[in-house]
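Across the two complexes that follow, chain A remains constant while its partner is chain B and subsequently chain C.
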Partner chain A sequence: MVRKSPSGTEGQGLRERLAPPRRVPNAVKEHEDVRASRGHQGIVKGPSRSEVLGNRLGWTFVSPTLLIIALLFIAPIVLVFVMAATKWTLMGGQQDVNFPENFHKVFADPLLMDSAWFTLKYTFATTFIIMPIALGLAMLVQESRRWNNIIRTAILLPSALGIASSSLLFYALYSPQVGPLNSILAKLGLMEQNASLLGSPNGALWATVFLVVWRFSGYYMLLTMVGLQAIPPDVYEAAKIDGANRFQSFMNITLPLLKPTLAMTWIMSITGSLLAFDQFYVLTKGGPNNSTVTVVQLIYKYAFETKKDLGMAAALSVIVLVALVVINFFMLKSMGVNDEED
Partner chain B sequence: MKNAKKSFYYLLTTLLILTFIAPLAWALYNSVAPNPGTAQTDGFGFANYSTLANYGSGIWTYIGNSLAVSVVAVLAVLIATTTGGYAFARYNFKGKNASFLLVLSVMMVPYAALLIPLIVWMKDINMQNSLIGVGIILALFQLPFGTFMMRNAFSGVPRELEEAAMVDGCGPFRAFWKVAVPAVRPALVSVGLLTFLFAWNDFMVSLYLLSSDKAPLPLAMVNMRQQVMGVIDYGVTTAGVVVLTIPAMILFLSLQKYYVKGFTSGAVKG
Partner chain C sequence: MTYIRPTRRGAAVAAVAALMVTGLAACGSDDNSDGANATSGDSGEVTMWSRAPLERQATNAVDAYNANHDTQIKLEILPNDDVEGKVGAAVQTDTLPCLLAGDVVRVPYWTQQGVFADITDKIDSLENLDDLAVGHIEAGTYEGSKYTLPFVQDISVLVWNKDLYQEAGLDPEKGPTNLDEFVDQAEAVAALNKDGVSGSYLSGQSGGALVFTLFPSVWADGEEVMNADGTEALLDSDSAAAVFDAYRELAETTNGLGAGSQEETGATWTAPFAEGNVGVMPYPFTSVSGLFDTADFEIGVSGIPGSTGGSSTFLGGDAIGISSSCQNVDGAWDFLSWLMTDDAQQEVFADNNDTAANLSVLKNGYADADPRTQIANAVIENGRTPASVNFNEAFNAAGSPWQLLIQNAVWGDDDSLTDDNAAITAILGQ
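Right, the complex of A and B next:
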């Protein structure tokens, strides 16, 4: 076996690979090289060589991932900060640097506060409705029984729909002409006959919340269930022997042991709702009277609808980006979720 | 007492099933039901579907666009997460932890905030209005979860398997491709299918980056509804929802076993 260079494994000739050495002395030598090239702490070879090889191979393997991230994640993040500091219109393209003009314009827009407030209200509503439902459902169907499996699948089905398609579906469901929900609500006296549910600010908000709860409950149920199943059953048995009733073991065992899972699902729901877009774009288009414009929708409006100003849209993007990173950071801290690395 | 409890359980769960299934069943029904003011005016039939089929440049164009975006996303995710996951599971290289954090940080950044610069940036790299571009952008958002899952999957494969292959004369790339990748097939399937669902259902990225002739099906459906403002054709809308939902639902149900497993392994590790 002739190795030309320390990095020989990469340039290993085809013939050598097709005709692997079987003789004992050669095989031993091959094994040493393999170990070295695998980046093991050198058992046979010196550590420096194996480190070099491990480094090179590691970087080679990780390069497709890093290429995508560099091109489509890092470059746009840098660019969004540049754009936020530049006059940049949809049609006219890049013009002069005008920091902090874009930010002034964004903060001067009364819609900013309205949309921020509405987004918070919506986030609060969805999260506080979905999370207890998800927990309840998970506890109801966590045991693996035939009937439970059917229920689980049924509850999970809406998760297969995209947000845009489920919004289209509910758009039809809510319609005064063909939708059954309208007449049901009218019969219950909750709204006037033939009035559009999406026509009033409150109606539009709750109609959207209902859609989102329908779409996401199953998904969060699944995540919660996984957490529930990770709790060892003997903890419950021990509590039972100590005379704890169901409520007590729920409060003292289930909730504390489920905390990491619950924290994760709350964060996911809060983050997701803060960035809501599709459902409002499809269901309400921000109406009536801009009462359901979310922050992300405002970015879209600045870019394509009202202002056609990418600089302003970029400035708002920067604000959203920074706000979300800060919010996520504090949520992770306060909820005591560990870093995802083991 | 016990009986009362049992019937309460069945009552409650039946109600739940109905609540979650009813909207879907209604869409299916409404798409074929007689419906004044839509294509399907008398009797049951598929008039809504034929209107839908002839909308714009024809529904097959939009389904084709959706498929193109989804296939690109799946391929990109599978290539990046298998190689990346393998690197993180097997090699110690300088900057490994920083790279892994970088991958996870994609999750921290709202993707709405990336889309504005991407409008400009895609033009700069000659990928404006491109289905491939949108596919790769969608792949980016699936990287954190996919890499994390593939890393865990590869960590579960004993090193000895590849070492044996290398003793037999495989190079590290062949050992990766011939030994390690086949060993993580379940994880590959679940990452691939979840990515497909995500890309198939995407609306926002294509709304920002694609013109209406390149629209994937969800965007085409929303455009279609807006074009006929005033007289909204609910029959065709629900038919569109059905067409969009059926492939997603088949995939979703068939891969249920995989992603439940995927979530479980994630939860145990996390």
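Right, the complex of A and C next:
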């Protein structure tokens, strides 16, 4: 990478710092000189000069990322833990430490169990619908046939829309006043013309699940497709020669080799659904009658709507964080994914 | 270790540099705001927040003031659902606007939390203080100090569609004077069995709309909805139960309550009446006054009746105060004191068929106004503004215990009123 300068002196300093000493004879010489001169003075305890230089350079390269992580990731997490142990109201600001009162208040709220149960129900519904659809779509469009590019684009297109925007779109579609769905469903005799699709607890849940499936199937299809294409074709060829039919090669080749990808998509889908907020905030506002309040919505309610208590909201955030870590840990375990498989 | 030190020093230098940059940026913004304040005093710019449902009235007031004052009010309208979050965030970051107008039921909490600046002396120095509506001043009174003045008055009235009354064989000039008549007349309209037309309408999942429309019927009977401190709900009284039963009867009648009543979240609850599809219902006066000229049907207006024949109203709307972080208090007070004058109340509110906050204007300023505006104004003296620190959580918030009480009392199990009332008390008393 370093351009050789005619004199050979210009690039040397830089090269000496960048490259491992062994590859550059000049530097090795210098390096040994340093060691030798030090050796005369006694036993070398610390790292050598060039190692220190290399370390320092490494830290310099890492530091922008480190700074961003510290500012945007570590600091907020520390702040959430501090908040969770503090009386901290929306208008009154930070007051004194009151651990564990915030947690007591959160656990005393009857809405907590309702929202946790609903969030789990929603997560199961979305994940068990989206994942097979995504896998099916990916297998459908993985080979390059004539219309596949168009089909792939069409399926992926909803993912380009923000979740809030798509929720708003579906809010209009579901509206009894302006949406087209009501009159269609009413003509089919499935519902009354003026009733709202979002009006009953089950209606609100499945209407939201439908939106999320529409919005995310293409996205997970893309991820699954990448995994499918990483499977070497000769494995299938070998199976074919051995007389395996399509179903057998799917069960014995595709699924096992796709396992790391599937583990990733399942975890992404489950984590994403457990943290659902936007779609419910726009579509149902937690209604009707608190039947579609998710855990994250409850955090929002604590902070800005009902309690106006940032301490309680932070306490629930900490609980959710711990729950997510535990759930993901067991998911990774149960899918048999370990570090080596990456 | 000596070799590591330079790295640390480097980091320290970087940190200091970063601090200096942000410090300079902070100085820069300070300079800016100081500059703005320097030119203010009696002139300059004053920022103000109001909420979307009262945009028309707020714009009227600000335009009228800006037209002939050096100080210019810069009005920002917040979506109704975002008010709490935005104000909370602004308090934390010290970026509140100078003038803050908010739903009068939210004002006690804001006042208690120190959102507003104490302007007791200024309010007491107003010449026509005795003429001003007390509800909005009391809502912003905390530990003897006064923080807010009335901004926009929004009262609830009973409205009926005279065209539908005619069709149903009712006297279009006579609205209901008690709850029984209300139910009878709504049922008569429902019996027309016209497509999309219903006897009445209720905003079943909007706690704010429900207190606005149902509380007056309780007050009309001389009963209370909360104790004097606002720490205990009294909604299991016979009087309150009679109100819920009236709506329950309509909900069980075909076309009694408009389709979507149970699911209505408040976003579109005024639309069915405005479209001529509802016989009779409690309604915000700020909305119906705009319909007098535009609707293609005739509208009747009266106070909201109770079961024994009295009538009352919810004195809602927005109170306004100067925020605790305001730098230009004089400029902000100049606007407030102007708004309280008879002339301003006449120009901004009375001339636009809106409700003035000034009693003398209410009495004398509507001679040329629509007679229905005069009917509505006459109800104000029986009107009430409930005040409780936790009002928003107990009543207005989505999924509040009050919303659940109505869902049960009108559409669900009839026998949970005592428990539901206790759930509201649990929130109010915390």
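A few comments on the model shown:
We take it that the second predicted complex is superposed on the first by the 288 of 342 C-alpha atoms of A that agree within 3 Å, B and C clash if a C-alpha of one lies under 4 Å from a C-alpha of the other, contacts with A are read in each partner's own complex, and residues count from 1 in each chain.
As a convention for this text, a contact is a pair of C-beta atoms (placed from the backbone, for glycine too) under 8 Å apart; a residue touches a chain by one contact, two chains touch by 3 or more.
If you're wondering where the values come from, they're calculated on a predicted model, not measured in any experiment.
Contacts of A:Gln177 after superposition on the shared chain: both chain B and chain C are touched. Applying the stated contact rule after C-alpha superposition, one finds that A:Thr261 touches chain B and leaves chain C untouched. Applying the stated contact rule after C-alpha superposition, one finds that A:Met91 touches chain C and leaves chain B untouched.
Once chain A of one complex is fitted onto chain A of the other, the partner contacts of A:Pro201 are absent, as it touches neither chain B nor chain C. Between chain B and chain C, B contacts the larger number of chain A residues. Touch criterion met: A:Gly54 reaches chain B, while chain C stays clear of it.
Touching of chain A by both chain B and chain C, each in its own complex, is seen for residues 56, 59, 63, 177, 303. Put simply, chain A touches chain C in their complex at residues 46-47, 49, 52, 56, 59, 63, 89-93, 111, 176-177, 192-196, 198-199, 285-290, 293, 301, 303-308.
Against chain A, the residues of chain B that register as touching in their complex are 10, 12-13, 16-17, 19-21, 23-24, 26-27, 30, 35, 37, 76, 79-81, 83-84, 86-88, 90-97, 99-100, 102-104, 106, 108-121, 125, 136-137, 139-140, 143, 147-148, 159, 162-163, 166-174, 176, 197, 200-204, 207-208, 218-219, 221-222, 225, 232, 234-235, 237-238, 240-241, 244-245, 248-249, 251-253, 256, 260, 263-264, 267-270. Within the complex, the chain A residues that touch chain B are 9-10, 12, 16-21, 27, 30-31, 34-35, 37-39, 51, 54-66, 68-69, 71-73, 75-77, 79-80, 83, 88, 94, 137, 140-141, 147, 150-151, 153-165, 168-173, 175, 177-180, 214, 217-218, 222-223, 226-227, 229-230, 260-261, 264, 271, 274-275, 277-278, 281-282, 296, 299-300, 303, 310, 313-314, 317-318, 320-321, 324-325, 328, 338, 340-342.
Contact residues on chain C toward chain A in their complex (touch as defined above): 1-4, 6-7, 11, 14, 84-85, 87-88, 91-92, 109-110, 113-115, 196, 205, 259-260, 262-263, 265, 268, 271, 392-393, 397-400, 403-404, 407.
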